[in-house]
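All chains are identified by letter, namely A, B, C and D, in their written order; residue positions are counted from 1 within each chain.
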């Protein structure tokens, strides 16, 4: 995947039209994420009802990859159970090659399960940017950890 | 001059039998010299009468070159006027190549004016040791500067 | 000075990156190294390596002569009165911390003030914050004008006899701005404040001497002037160096160590605790030789030429904003900009695909980013080996970024 | 491990000095460097040079991977739980100052005690004296036994709950003595004191892990273990590193910088202010690779063999006194001695004429010199490239010195 394809596919769309952008008054869980090396920032708020994420909001500033990843994430997690969100997070991180020894999805044969999120697989080819794509997911993990 | 000759000539004699070793109760001038890099120490005390050094005493510890230089110096300065001691100090320093651009005595043709001190010319071939030979002389200069 | 001939001395410049010829435009972060510098360090390790100052054998003597020789070269480069005024540090950051801990910690008290500017690198902010925490002194900042200069219009109101330190960047690593040195130094002097110029950008890029600058301390890093990483220099006025305490303690900086206290070695050794960066000093000396041979006037003339060209060509790109003065007589070759809504990191990644290496981020100057009201900028910066053709490559890659990001 | 094969990797060892083959016996001061280390740094400057952590282009990414790769190698060498526990410093001295200023300055108060031993290098004395001056804490020293070991017979009386820091050399650079690590660490732990091992000599010469050592901090220098000058490491326990303040402030060590205060980056970056010694880290990594390939057990076995041989042969020379334990299981390969009334500096000059490089002086251990009641000692020290034949050359040159000095 060329850089141009990466951006064109969906990153730019989510960057310019972020989904679920904003905040939730009385969130059940929230966390602020920050990448000190490049300055990306993401704040995540979620409402949880009976083990299911019923609403999510994200705010932040940073590069297109971090912000698009946050937007895609917000879209993907609503109406999912905490367990399936945990699985999704693992899948995305493995797709980004973040967990050592974890095979990850094959970027050449993207399945359909991850939808827009598949675009993030392309980031793997630009190693300095992996942290950008990962930031929202790590921040989400932190937010959800506070609900345990 | 080989190292062996340097030591044999007079250095060892002065090292093992230091002249004017000790102290003077009521010295007119004194100074302590110290070479922080190799630890040599020299203390010099002189009595001055009417512009003439009438007595001198040295103490110290350190390598043979610093201690022999101190011993030779003590011997050489007594009964000399402050001016001729200043001249002698300049001559020794120039012999050691300490003053930049100063030609120094020709070590191949030692004159007789400096007596035992001529042996110090050989130190020039061992650059790290020049500071050892110089230490007593610099200390003497400091001591005499306090009388101005 | 011909950049094409200069380039032949820099092995890395023939590298290809992502299939393209490398266009290295990040010299404000760190410069590339000529073969003369690399070889000087090699030669040291292959033929002369030993610890300095404390050996009584040939190699140690050679190593000491090379190390002290480097100090002398740096002193000459600055036109310092004596090599003893040059303390070899680990870099600019380490040098500023040395003054902060060695002078600030002992001399500042509650109510005292330290004056900085809003364009300082974190290296000239954070050490002072730490010292304020320990001493109760306070920080003040000179603002910037709308045209990216240090605003001295209110200087007399800001500097008074509570001001004990005035510390500022000789040339901004973000804006390129060359500070109003003379004015700040004179104002500081009039209230008896100590002055430090962060010369990390200035010294590599402009012909100057410590006499011209007139500060009490001038600090800079070798790696930004063709030298190796791991070393820098702190030039200081002898009276201040003599009065100042060491920041770090250890071997080589002592006269004597008793169980309960110690006395210090003479300047500059008092400030050089432990085994120094020996090979690095020798590489630093070789870098200074190289720059001296090029001639700092020529270095500056080339920088003005390429910066002028870059500013003009960047000006042709729609939606591109440059942060920094346009007048090349008031600036160096670090050119910060943003392009439409493309985040600087995206820009850097896109340019990298074309072999063009620029920096993106806050450039260790977050207070300045807040003044500019941007989270980050892209920055291209130039040095002796850069050519006008490389500026063209930058411009072409920026057009590419506009296309990829569909900037109207 | 065959020193003859090893020697082929060290270009400097084929040098001649004063017409004689170089016999380098000053590795306790600094070691020579194998071509693998020299080449790793060369290759960095020729192909990958860029600033680390902050770049979004290929070279910066490569440089970052190499720099962080070196950290990982050092962590594995120490068997650390995570590379994050390894802070890259400018050397041992800088590391001890980092703990002194980062922990001591914030945590010590009048009446608190810091326990050292009388065989410490100035690097492990002077930083603590500086911190005592700032905090009112006090120093105490464990004495030595007549057979050159740390005297722990009175340990329980000396360590109590006023003891906040216990800092000691893992292996003496003068005596060769390997400290009673376990005993000191256990005693320190029982009163809740923080522990630091000065591993400048230990880590290069003995197979060990941070788990074996059990201290809170272990610090050492690259240049004493085949690596370059200008870099060292501070391994620390994660809880302590996290709780500790940075000593130096500047770029890269911050999370955010506001005008009046800042927040810190995560460990280990919090302690790495400014542009780090990048090429040096890469050289350090290559040195660790080299030692790992030799095998630290083999390094130690060779050192025991050569030290035993040297002690035996030195024992044959009349009027020669060795300062240090005779039992090679309790010592490393730094062998200090005096010969009759020949001052160590004279000895070093005479030996240098035969190409034999030894050190003479106080070895940055003046308190120890006072215990030994000598102004200085001569010291021969060995490493992986030294051979028994070189010990023979040392012995022959010492006989020569006896002759020149007419020692009866």
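Just so we're on the same page, contacts are C-beta pairs under 8 Å (C-beta built on N, C-alpha and C of every residue); 3 or more make two chains touch, one makes a residue touch a chain.
Just so it is clear, the structure is predicted and the values come from calculations on it, not from any experiment.
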{"item": "Touching both chain B and chain D (chains)", "value": "C"}
{"item": "Relative to chain C, chain with the most remote C-alpha centre", "value": "B"}
{"item": "Chain A and chain B: spacing of chain centres that average the CA atoms, whole Å", "value": "79"}
{"item": "Euclidean distance of C-alpha centroids - chain A vs chain D, Å", "value": "46"}
{"item": "Inter-chain centre distance, chain A versus chain C - centres from mean C-alpha coordinates, in Å", "value": "38"}
{"item": "Multi-partner residues of chain C (at least 2 other chains)", "value": "54-56, 60, 254, 345, 349, 360-361"}
{"item": "Chain B: positions in contact with at least two other chains", "value": "37-38, 128-129"}
{"item": "Chain D partner contacts - residues on chain B that touch it in the complex", "value": "3-4, 7-8, 12, 16, 37-41, 61-65, 126, 128-129, 132"}
{"item": "Chain B-facing residues of chain C, complex", "value": "53-56, 60-61, 64, 254-255, 265-266, 269"}
{"item": "Chain D residues within the chain B interface of the complex", "value": "341-346, 349-350, 353, 360-362, 375-376, 404-406"}
{"item": "Contact footprint of chain C on chain D as seen in their complex", "value": "11-12, 15, 17-18, 22, 24, 26, 29-30, 32-33, 37-38, 41-42, 45-51, 54-60, 90-94, 96-97, 100-101, 105, 121-123, 125-130, 134, 139, 141, 221, 223, 228-231, 246-254, 256-262, 273-280, 345, 348-349, 351-352, 356-361, 364, 366-367"}
{"item": "Parts of chain B lying in touch with chain C, wherever the complex brings them together", "value": "34, 36-38, 127-129"}
